[in-house]
């Protein structure tokens, strides 16, 4: 069935013009192979200084003039889209996230990974960003584990098995960078499936495949493997570096993962990092459970003992496993002796923001911006940057639906990607109350009336009660009822 | 003495599957003899124990009572006994004998010896020789591992299996080379071999590798068939391939005329040139039930009436369509589809591609098998087909596959804080701290009012000069400095690294050794909780005893070292003792729990 | 550009070099205290701060308590600086325990500052009196123009359009070191001169001011006064008008010079006359780190070694000429090319490739400035390469010895030379060796001794 | 180019974000006894401290954010008030900084009062630390964006009021964000009791946590410890925070535990096994955790 791969070889699906370009580039590469150096009229030494595809940073404006793309706003637009898509599912109410993840990163090191459409080569780019990703991942999910698998010569190999230390993985990855042969989804999935099946049910099993190849050569029927993965609740996601491949798409759809194809390096990085925050837990997969964990105490000063991890005597520092009294060097980790998961309370705290995500900000409609009688705040509430362009025409601004404070682009991004709480809401005592209980009740109430569509209406202006009420007076009751 | 020899009725088998030859097994101190009941049978054995490396056997309760005597040079003798007791008698005897023999073998083999000598080797599966090899190798490489192994496995505290279970990783690592994954059929189109021409002479050379040949066979049944028929009976392998290549060449050069001509006078060649009728009929039946996911254009590409190549040209050379010779044409799309089909069958032979002949036959065999199965799993094929068709449906028409998310409602986020605060403050040593209510005697507006006054009066008055009294600030500075110097002392102590190196070598060694062994034991100890089976139960007790033996040893180390190191040593030993104590405590507690729980099968969670 | 730092330091060094008495006098002036404090290394600043309200002396030991092992050197040089500038007064008691106390004048001045804030040295004149005050921009432009014309006159008096009122003697003083004039022919820039031109304005200003101060005595001006006066000036608010009558006679004269440098603008009202400090003046006390002192860049360098300088200033043209071949000169654009020849001539004038590169980088046109690298790598690389080309041959004065009486004498001589690290080359076959000139004498001695 | 900025830009230039606790209940009424330093005195110390920071380097920048009970807001930014409009009235009587700050502070307090619910506060009144922290971080991000040459930012919390439990999550988020962008959070506790929040904040972000013994020596503390720029901190030993005990305590009994059960959904902590999570209401199977973790290791046969 993986023949789809093969067919695609001849008519790759165009996800977007990006791929067309890529194909074009491929063609160009081939020529290069023939005449040795790409004939852009640049001397070899000069090529390093000229930037690739400079024309792409130009766009035609309405008057047909070429002008540089305003990359900032573009980037922000993308970001907002992502945010939306992320929250679209969760707008109705807060949802569970897979906080304790067991993720296998599958890196395709087949022949295709040697392609040069990413500079210097796909493989290198993948490795580079994989490293970034791994660090980011552990920063965001301190309680989670990662394993690395590579595909090469049609065979999948386990590079590192599930573990919690970024350095360990990164080192292993950088050690193993050469590519050859075909790639095989099936083998990879089988291998990973074997490992992930042993993971306790509360853990969220995930596979992230960084796929360079345009085909997969499998010993058997991938479809069955995919079904197998689906059965054992493994969420498979793929980030492609070439054209979109049907089989990958299918895989992701079946297992509830996401499939994306990178246009260029920056885009690839973006797509990759989208997998760092914990994914929403799928109802049928989610299994609540109590996990036994230890909160080891710092070993007192002057206590000498041999640590399990390095087997050398350490004075002071380190932590002692509360159950078996073994000494470990850093947290979080799994006790080498009794296998108890050891964490410190801040590690838990790190994940709390996933439980209380902040709603995306609404873009302030331009109509509001330039009608004079509307007095809009002149500064970004967060960073005090002026929201007015030099030409005194107001620039983009986002408003928090709860506290209605206005923020500049950068704060908007920073707040949602790193800070995870809205300065406006945090610095207004009374905006706090609705944040936790009230919505719940309102929606409960709406459920009673089963006014689904109406519910959506409220949600869209969550927090800004005034609006909600004006829209539906029926809601008004509940609002009163909740305050 | 009775133990001098053992005679037992048993079956001798070459492999576990084989039914075996019934007979009598007689073991003496130096050799064992097997005499079949049926004198005519070839199964007579007379082997000296010297050549026997070790022995393995099926575990109690498995369907067969087996004993396998493995030889140093691979392979081994498998005996099946009627009942386990008999087997055990032999097993123990063999154990003794080997033990005696190998106690005299040079220590070089020590590792492999011990690996087998353990009295209670419970194997849940017959270990393959190479698995054995790997373990032995590991032991030889890692002296420490070997020490542990000696210490525990031989003394019977741990069983072979247990010992290795914790080291699966080690085994896998070098096991990974022999990975069980099968490689898919190469997707590269090796089958159409490109001729290489050297400029001067007008001679072209084709180079065929076994792999290529394999693919050719797989993709061109006719060629395959021909090979089986002709070689070597009718022609040598060499000229078979030369013919084939010649045909290929004709195709490549696209002169159907020549092809026709040649075909006329040489019927073998014709085989290659003509269209593959096996394929043709395969294609026909395929058209009946097209697997839409796989096929670019099953209806057209495979049916031979159709010729225009969908504009895809091999090597971009325009083909001159000449109807009368069209018989001798293969279109690229046909090749592609055929190739795709083969790849998708994804059947790679489980044999290294060496001799062409064998490859051909193997292929043939697998073909047969396939045909056999084909009929059987018709229905399986059907459902697979319909799944496929579901997949190929246009996405827009499909229902969105978004799965519902699990909702989450947190009652009160304060909880999270409270779980922190209490002890965080305790660390700072003021117990009263935390949420001590500020006794605000005045109402909000009062408070704000007076606050504002303070500010405004300050605006009027300006800063009070001097900001801080010299004596106070001096006191503060000194205070801080003292605090620093006090902490500095602590830091200084911790600075000196790795206490171990300060100790005399012997002590260090000893300590480390004990440490490792303790680690080993503890690992097993904890991993066997919760105790769910009686097996685990006695394992734990075994380990516990072992640990209680180590305990005093640690103590005496402490005494033994001379006074100047005593402090460090005791410091080092302390954690180990603690660890042991923890284990013991846990053990007792668990015992308690289970004893209180009435007789039912113990599975207490700890 | 290393020189910049050195020169900047020199200024404070000059302060430090002043005799204790004068120093303490200087510290009567709050602004000096402020300026000095700012010029201190970070650690020193902190020390001053924590001593601010302490009257007793603090033992050196207790200060070291705070220092980590890796910080000791920093600590040392901080303390040295402080004692050098007499900010810390060192006292050694009978137990040889050194301890420090903050210079009381310094202390009280800073305390005052914290209490009552920075008081501007003199009241600006009410706008009612002052007419047509220039806007800050105009002032900026004025200052720059003044400064450039001064520079131009400095380096090539011939081109100077309007003469300054600097006495030619003073001018000479400035030119000392920058220009070298052989009799009869036009003066040409020295190595230092070229480097001077490539520095940024602030550095140049420091240089001139330093010269100005150092020869103040000859003009019968007390250098200490001058320093304090200049520093004080730097604490005025740029763009405000201050009455000239508040100045002493000496200071007024000084101002004429400063006006030429573009530090102040003098204006004549109906009856009052006043001066307006420019940014250059207010930057005086500022350590060189002030980014605001960096002016707009104007040079664009392309990968094809062409330079486009969007400037109408003669000075810029002159500077560009130093290392590039100027091809066209449009009203506001100077097009040039960096060629091997032009660079060689620059190198011969003692300009280093680094200086050229950093000049190009610092004066990069804003459009290219945000791009990294602001100057194409291939250009910078090439410039460096060309420089290294020149350094392929390096000269070491040496002496050749030959006609040794015997092999072993020769060998011995070689060894001796080698041991003294002076052996450059030897040819055992023909028994010749070359040694560095510096050990020539010893060598001779040695050989002579061998003779006997 | 890399080398050039470092040359032109001395590396001790710092941006100090001061979070000023303006909780009226802290400074007025009976509580003045608890913080044995009256507000004016306190403010004098702080203001002269700020002034001295500005004195150290003309590029130093100080931003003051008021942490109120009902709101937070910027009350001073030295960069915005750079052009010294010579309001000569103040000139010489007190630093311009102070006059500006004070007037803004007054406005802020009035606004803060307006926002307050009129009923007099129940028991404990905390100030919105989470808010001011978030603001500070946003500002710092802006400084980071401003280009390669930016002052080294750090945050100093002058906190007196007790921690507000409802802010916990928000504050933690802020702390981690600060840690990620390597912004140390210094904390100087002027209240009666220690603050768990700030203790963690300083510990995690590598800042200094200090609770002055002698409140009326505040300036000395500030100038000796908190005035140290980040560069110099590499060479100096500043008072170490007491090692924080990172053990948690369970939600159910609030008692410190060193082994417990974590809800896999909401990460709430329990000292013993429950059927149902009291926080997120999800229902559990039997406790896994240690079994599961060992199951993966244990391959031993079980007859």
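Lettered A, B, C and D in written order, each chain numbered from 1.
FYI, a contact is a pair of C-beta atoms (placed from the backbone, for glycine too) under 8 Å apart; a residue touches a chain by one contact, two chains touch by 3 or more.
Keep in mind it's a predicted model, so treat the numbers as computed, not measured.
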Relative to subunit B, chain with the most remote C-alpha centre: C
C-D compared against A-D, more contacting pairs: A-D
Chain nearest the global centroid, as defined over all protein CA atoms shown: A
Whole-Å separation of chain centres (CA-atom averages), subunit C against subunit D: 42
Euclidean distance of C-alpha centroids - subunit A vs subunit C, Å: 52
Distance from the mean Cα position of subunit D to that of subunit A, given in whole angstrom: 29
Chain centre separation (subunit B, subunit C; CA means) in Å: 68
Residues of subunit C touching at least two other chains: 50, 53, 65-66, 114-116
Residues within subunit B bordering two or more other chains: 408-410, 412-413, 416, 419-420, 462-463, 467-469, 473, 477, 484, 488, 523, 526-527
Residues of subunit D touching at least two other chains: 48, 93-95, 98, 116-117, 166-167, 169, 200, 219-220, 224, 237, 243, 245, 247-248, 265-266, 269, 280, 287, 290, 294, 297
Residues on subunit A engaged by subunit D in the complex (per definition of touch): 96, 99-100, 139, 143, 198-203, 281, 286-298, 322-323, 334, 338-341, 344-346, 348-353, 355-356, 380, 382-385, 410-411, 414-415, 418-423, 426-430, 432
Footprint of subunit C on subunit D - complex, ascending: 1, 4, 7-13, 48, 51-52, 55-59, 84, 86, 88, 90-98, 149, 219-220, 223-224, 227-229, 231-232, 234-238
Subunit C - residues contacting subunit D, complex: 1, 4-5, 34, 37-38, 42-43, 45-46, 49-50, 52-53, 65-68, 70-71, 74-75, 110, 113-120, 123-124, 237, 240, 286-291, 294, 358, 361-362, 372-374
Of all residues in subunit B, those that touch subunit C in their complex: 462-463, 465-470, 473-474, 477-478, 481, 484-485, 488
Residue numbers on subunit D that touch subunit A, as the complex places them: 69-74, 77, 80, 115-117, 128, 130-135, 137-139, 141-142, 145, 166-167, 169-170, 172-174, 176-177, 180-181, 200, 204, 243, 245-248, 257-267, 269-270, 273-274, 277, 280, 282-285, 287-290, 292-297
